[in-house]
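So, here's a batch of structures to check.
Two complexes follow with chain A in common, the first pairing it with chain B and the second with chain C.
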Partner chain A sequence: MTTTRTISIPHLGRVEGHGGIFVKVVDQTVSEVNMDIHEGSRYYEALLVGKHFLEVQGIITRVCAICSANHTVTALQALESALGIPQSPRVHTLRGLMLQGAAIESHALHVFALALPDFLGFDSVMTMAAKYPDEVAAALRLKQLGNKVQALIGGRAVHPINTLVGGFGKVPSHRDLERLRGELAAGIDVAMSFVRLAATIPGPDFAARPTVFVALRPYDDRYRFRGNSICTSTGEEVPVASYRDIVREFTVEHSHAKHSALASGSTYQVGSLARLALWGDRLEGRAREAFQMLLPNGVVDNVLYNNWAQLVEIVFGLEAGVEACDELLGMDEVAREQAEYTVRAGRGVSATEVPRGTLFHEYEIDDDGLVLAANVITPTAQNLANTERDLRHATERLLAAGGVNDAQLRLNLEMIARAYDPCISCSVHVVRVN
Partner chain B sequence: MTNQTRPKVGIFGLTSCAGDQLQILNCEDELLRLVGRIDIVDWVMAKSGNDHTCRLDIAFVEGVVATERDLETLRQVRARTSFLVALGTCAVWGGLPAMRNDLPREVLEREVFSKVVDHLDTVEARPATDFVPVEYRLPGCPIERHEFLQLVDSLLAGTVPELPAVPVCFECKTRENLCRVIYFDDVCCGAMTRGGCGARCPSHGVACAGCRGPIEEPNYDANVQMFAARGITWREIATRMSNFSAPVWMTYGLRSEAHHDDH
Partner chain C sequence: MSGVLVLGFGNPLVGDDGAGPAVVRELADHCPPAGIRIEDGGTDVLTLPSWWQGETELWIIDAVRAGAQPGTIHRLDHDTILSLPQTTASLHHLSIPECLRWIVHAFPEMRAVRFRLWGIEPAVISASSGLSEPVAEAVGQVASELWSALSASSADREGSSTADDNDSSDRFS
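What follows is the complex of A and B.
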C-alpha cells in the first residue's frame, strides 16, 4: 500500500513577496519539491524598451523596494558601460557607500526581523520586542542607519532619486558625511553585541548539503561588493560581460520566476555565505573578528549560516561605510557632479554583489539613447533551484531520522527558504515571453 | 488599551515591489509604538502565524491586480474589512506596472514596442481601486512614512487626514529651487502631481516623475503645451508623462497631438 504525505505552505511568511513551499512524500521517498512563486509578472524589461536611457533607473529601481539602491547602482553602471562613461572616484565611492547602506538595511531587516524569531521561538519581531525590547530597538536602529545612508546618498531610503547616469544630482555635504561617519562608527559595537549573542545560538545541521558558491571577484585585493569577473567555488571564472556563458536560465511550470544553473548543470548559491566562502579570508578589523566568532572553522555548506554571514556583513558594511566617508571627506566639497558624455549606441553589462547575491543588468541602446533591449538576472532567481535542492535534501534527512511531525517539518523547511532571504518581487520581474 | 479594544489590522501586498510595506517597516521606532495601539493580525511579509479569515477593522492593500489570484485576495480582504486603504500609487492609480495599459499604442507602438507588443497584450495590470471600493487612498511611490503614521493616528482618533491639495510645484517654489522646466527644459510633472513629498526630486536637481499620481483636476494640456513650446518632442513628452499612472496622465489631447507628430 502506498502512503502519501504532503507538506504545503501556501503563504511563506516573513519573506518579501508571495511564495509557498510544496513537498510530496510517497512511501518515505520525496517525490516532489516545489518552491512556488505566484507573485504576478510586471514585465519591467519590456516596459523599458523604447524609453530613453535617462529614464531607466527610475523605472528599474521599482522592480523591488528592498533592493532599489542595488538595482539603481547596477543599472547606472551598465548604462555607463554602454555609453563609455568612466566613473569618477567620488561617484565610485558614493555608490559603494550606498550599496553598503542597502546591505546594512536589508541584512538587519532579514536577520533581526525575519529570521531571528525562528531561532528564538517567536512568530514575529513585534512579539519578540515584547520580551526583548532593548535588543529589538537596537536592531531596528541598525536597520535605520542603513536607511539613513541610502537617504543621504539616494535622496530617500526606497527608490532613490538622486542617482544619475554619470553622477549625482546633489552630492552630500561634508557636514552630513561627518555626522553619518559618527553614527556608522558607533553602530559597530552594537552590531558586535549581536554577533556575540548569535554565537551562542546553536546552528541546526538539518540543512547541511555540499554546495557550489558563486560570487564576483572583488575589483582589488580586499573584500568588495563590486568586481569584474564571476567566480565559482569549483574554480571557474568568467568576465562579467560573458555572464550568459555561466548563468543558464530556464523556466519551470510551478514558478513565475525563472530558475538558474551553471553551464555544468549544477545549481548554486549566491549571497553573503557565498561571498564569505570565496573571499572571507580578506575580511579585516572587526568584521574578521565577527567571521571568526560565528564561523570558527570557516564557511560550512549549510544555508542556515547565511543568517550569520549577513550579520558578519553588517559589521563589514559599517566599517566599509566609515572608510568611504573618510575617502569622501578627503575630497573637495561640491554641490553636484555630472560627467560630460555624448550619446551613442552601445551595449553594457554590470554586475554587483547585493545582499542576496550577484545581480546582473544588461542594456542595449541605440544612437538616440533609446533602450533596444534590457535583461536583469536577480540573486533570488539564481538561488531558487538550489533552494529546492536544499528543501528536498532536508526533508529526506529529517524523515530518515524519524519521528518528525508535520509542524516541525514545516518550520524547518520554512527556515531553509527564509535563510536564502528570498526577494520574490525581484525574482519575478523577469519573466519574458520570448 | 487592552487587546480587546485595539483595532484588528491586516496589511497585504498584491503584485508589487513591496515598497509600501517596507516603508511601514521603515517606521522602525514608531512601529514599536504602533503595535501597542493596533493589533496586526495578518501581515505575511512581517510575521508567521497569521489569521487569514478574521474580521478586520482596518486593512492596507499595496500593489496592482496582475493575476487572478491577486483579484481573489483583494476581494477576500474587502469582504472582511471595515476600513480599506489603497496603499501607494500602484494600488491607487496603477503605477509603473500599469504604464503600458493606456499608452497610445496606435501611435507609439511602432517606435516603442515594435518587437514585443504582441506579448504585452497578454497581461494588464490594474490598480486595486478598479475592482473594489476603498475608504481611503494614500498615494506615493513609495508612500511617505509621515503620511502613513498620520493616517493611522487619525484612524485611531476616529477621523481621516486630508492629503495635500497643492501640487509638487507649490512645494518646490517654497523651497526656492530653480524650475526644472524653465531653466533646464525638463519634462517635469510637478505641476500636475499631488504634493506631500516636499518636492524631493526637484530639490535634488531632478525633474518630478509624477510618482505620487495626479492632483485633483490637473491641467495636463497646459503642461503639454508648455513642454512642446520649449521644443521638447511630443514623443518625449508622452513617454515621460506616462511613467506613472498612464490611464490618468494620458489625455485625449496629448494622444492626438502625439499622433500628428508621428506623421
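What follows is the complex of A and C.
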C-alpha cells in the first residue's frame, strides 16, 4: 500500500518577501519538491519599456528596500555602458563604497535576524536577545552603519537619490568621510566578536551536496564585488556582456519566478559562499582571519555555511569601506561629479556581486533615450533551481537516516531555504498568462 | 527635545502598499506646524533610527494586513504595538512590532519615544501603481485625522512653551 507524506510550509518565515516550500514523499521517495513563489508578479522590466533612461533607477530601485543600492549601481553601470560613458576613479570608488554599505546592512540583518535564531534554538531575533542582548543590539547597529554608508553616498538610507547616470549629485565632504571611516573601523572588532560566536556553533551536514559555484572574477587581483567576467567552479568563464551564453532562464509551472541553470544544464549557486569558494584565497587582514576561523578547511558544499560566509563578508565590507574612505580622502574635495555625455542608441550590460550573489542588468535604448528592452536577473532567481535540488537531497538524506519527525524536517528545510538569503521581492518579475 | 516625526512606509509601485507614502504626500500639501516633521520612510522600517532626530513621538503609517475589509484603519497605541507577537504576515521582512522592539533594544536613546501606528488594510498588493478605491478613501481619512492631531499636538507644545516663557519673564521682572 502506497503511503504519501507531504511537508508544506506555505509561508516561509524570516525571508524577504513571500514564499513557501512544498515537498511530497511517496513511499520514502521524494516525488516532488517546489519552492513556491507566490508574491504578486512583478512587472518592473515591462514597466521600464518606453520610459526615459533617466527614470530607470527611480523605478528599479524600488524592487526591494534591502537591495535598492545594488539595483541602482548595477542599472546605472548598464546604462552607462549603453551610452558609452566611462566611470571616473572617484565615481568607481563611491559606488564601491555604496555596495560595501549594502553588503554590511544586508548581511547583518540576514545573519542575526533571519538565520542565526535557528542555529541557537530561538524563534526570533528578540527571543534571542534574552540570552544574547549585546550581540542582538550590536547587530542592528551594524545594519544601521550599512544604512549610514548608503545615506552618505546615495542621499538616503534606501532608494538612493544622489546617484546619477555618469556620477553623483553631491560628493561627500572629507569631514563626513573621516567620520564614516572612524565608524567603519570601530565596527571591525564588533564583527569579529560575531565571528568568534559563530565559530562555536556546529554546522549541520544534512544540507551537504556537491555544488557548482558561480561568481564574477574580480577586476583586479583582490577580493572584489565587481568584475568583467562570470566564472564557475567547473572552469567556465565568459564576459559579462555575454551573460546569456552561460545563464539560461526558464519558467516553471509552480512559481511566478524564473529559474536559472548554466548552459550545460547544471543548477548553480551564487552568493557569499560562492564568492569565497572562487576567490576566498584573495582575502586579506581580519577578513582572512574570519574566513580561517569559520571555514578552517576551506569552503564546503553546504549552503548552511553561506551564513558564515556572510559574516566573513561583513568583516571584509568594513575593511574595504575603510580603504575606500582613505582613497576618497586622498582625492581633492569636490562638490559633485558627473561625466558629460550625449544621448544615443545603445545596449549595455552590467553585473555586480551583491549580498545574495551576481546581479545582472541589461538595457537597450533608442536615439531619444527611451528604453526599448530591459532584463534583470537577480541572484535569488538564479539560486531557486539549486535550492530545490538542495531541498530534495536533504529530504532524502534525512528520511533515509530516520528518526526525524515532521516538525524537525520542516525546520531543516526552512534553514536551507533561509541560508540562501532569498529576496523573493526581487526574484519575481514574470507575467503568468493562462 | 519634543516634537513629532511622522513616517509613512511602503512602496508606491506595489498597489496598496503605497498607502503610507500616499498619506505623507497628502500631509506634505500643507506646511507642517512647528516641531513636526513628515517623511516618506521608504520600505524598510529598520531604517527608522536614521530618520529620528530626537522627537519624543513617532507616528507610523503603513499598509497592515489584519484580515479586515480593505480600507479598514487600524489605530494602535504604543503599548499595543510593542506587545504584538512577531508574525510572518508583514510586507517588509520583520513585522513592525518586531522591528520596533529590536530598535528600542539596540538604541537606548530611543526608549523614551512613544510610537503610534495607523495601519490601512490593503486590497491589492501586487506590482501596480495607484491605490484601490477603499484604500484611497482611507488615506484621505488618515491624513485628515493626522493633521488634526498634529495641529493639536503643536498647539499643546506652544502653550507649554509660552507658560515657560512667562515664568522666565517673572524671574527677571
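Here, the second predicted complex is superposed on the first by the 429 of 434 C-alpha atoms of A that agree within 3 Å, B and C clash if a C-alpha of one lies under 4 Å from a C-alpha of the other, contacts with A are read in each partner's own complex, and residues count from 1 in each chain.
Following the convention adopted for this analysis, a residue touches a chain if its C-beta (ideal position, glycine included) is under 8 Å from a C-beta of that chain, and two chains touch if they have at least 3 such contacts.
Please read all numbers here as calculations on a predicted model, not as lab measurements.
In this overlay on chain A, chain B clashes with chain C.
In the superposition on chain A, A:Arg410 contacts neither chain B nor chain C.
In the superposition on chain A, A:Lys148 contacts chain C only, with no contact to chain B.
Chain A has more of its residues touched by B than by the other of chain B and chain C. Of the two partner chains, neither chain B nor chain C is touched by A:Arg248.
In the superposition on chain A, A:Glu55 contacts chain B only, with no contact to chain C. Look at A:Ile66: by the touch rule set out above, it reaches both chain B and chain C.
Looking at the shared chain after the overlay, A:Arg217 reaches neither chain B nor chain C.
Of the two partner chains placed by the overlay, only chain B lies in contact with A:Leu164; chain C stays clear of it. When the two complexes are superposed on chain A, the residues of chain A that touch both chain B and chain C are 11-16, 40-44, 47, 59, 62, 64-66, 68, 109, 113-114, 123-126, 129, 133, 136-137, 140-141, 143-144, 147, 156-159. Here chain C touches chain A in the complex through residues 11-15, 42-44, 46-47, 49-51, 86, 88-89, 92-94, 98, 101-103, 105-107, 125-128, going by the rule given at the top. Residue ranges of chain B in contact with chain A, taken from their complex: 13-23, 25-26, 28-29, 31-32, 35, 40, 43-50, 52, 64, 66-67, 69-70, 95-97, 99-100, 108, 111-113, 115-116, 119-120, 122-123, 125, 141-142, 200-201, 203-206, 209, 211, 236, 239-240, 243. Those residues of chain A that touch chain B in the shared complex are 11-18, 38-44, 46-47, 49-52, 55, 58-59, 62-66, 68, 109, 113-114, 117, 123-127, 129, 133, 136-137, 140-141, 143-144, 147, 155-159, 161-162, 164, 169-170, 336, 414, 425, 432-434.
The part of chain A that touches chain C in the complex is made up of residues 11-16, 40-44, 47, 59, 62, 64-66, 68, 109, 113-114, 123-126, 129, 133, 136-141, 143-144, 147-148, 151, 156-159.
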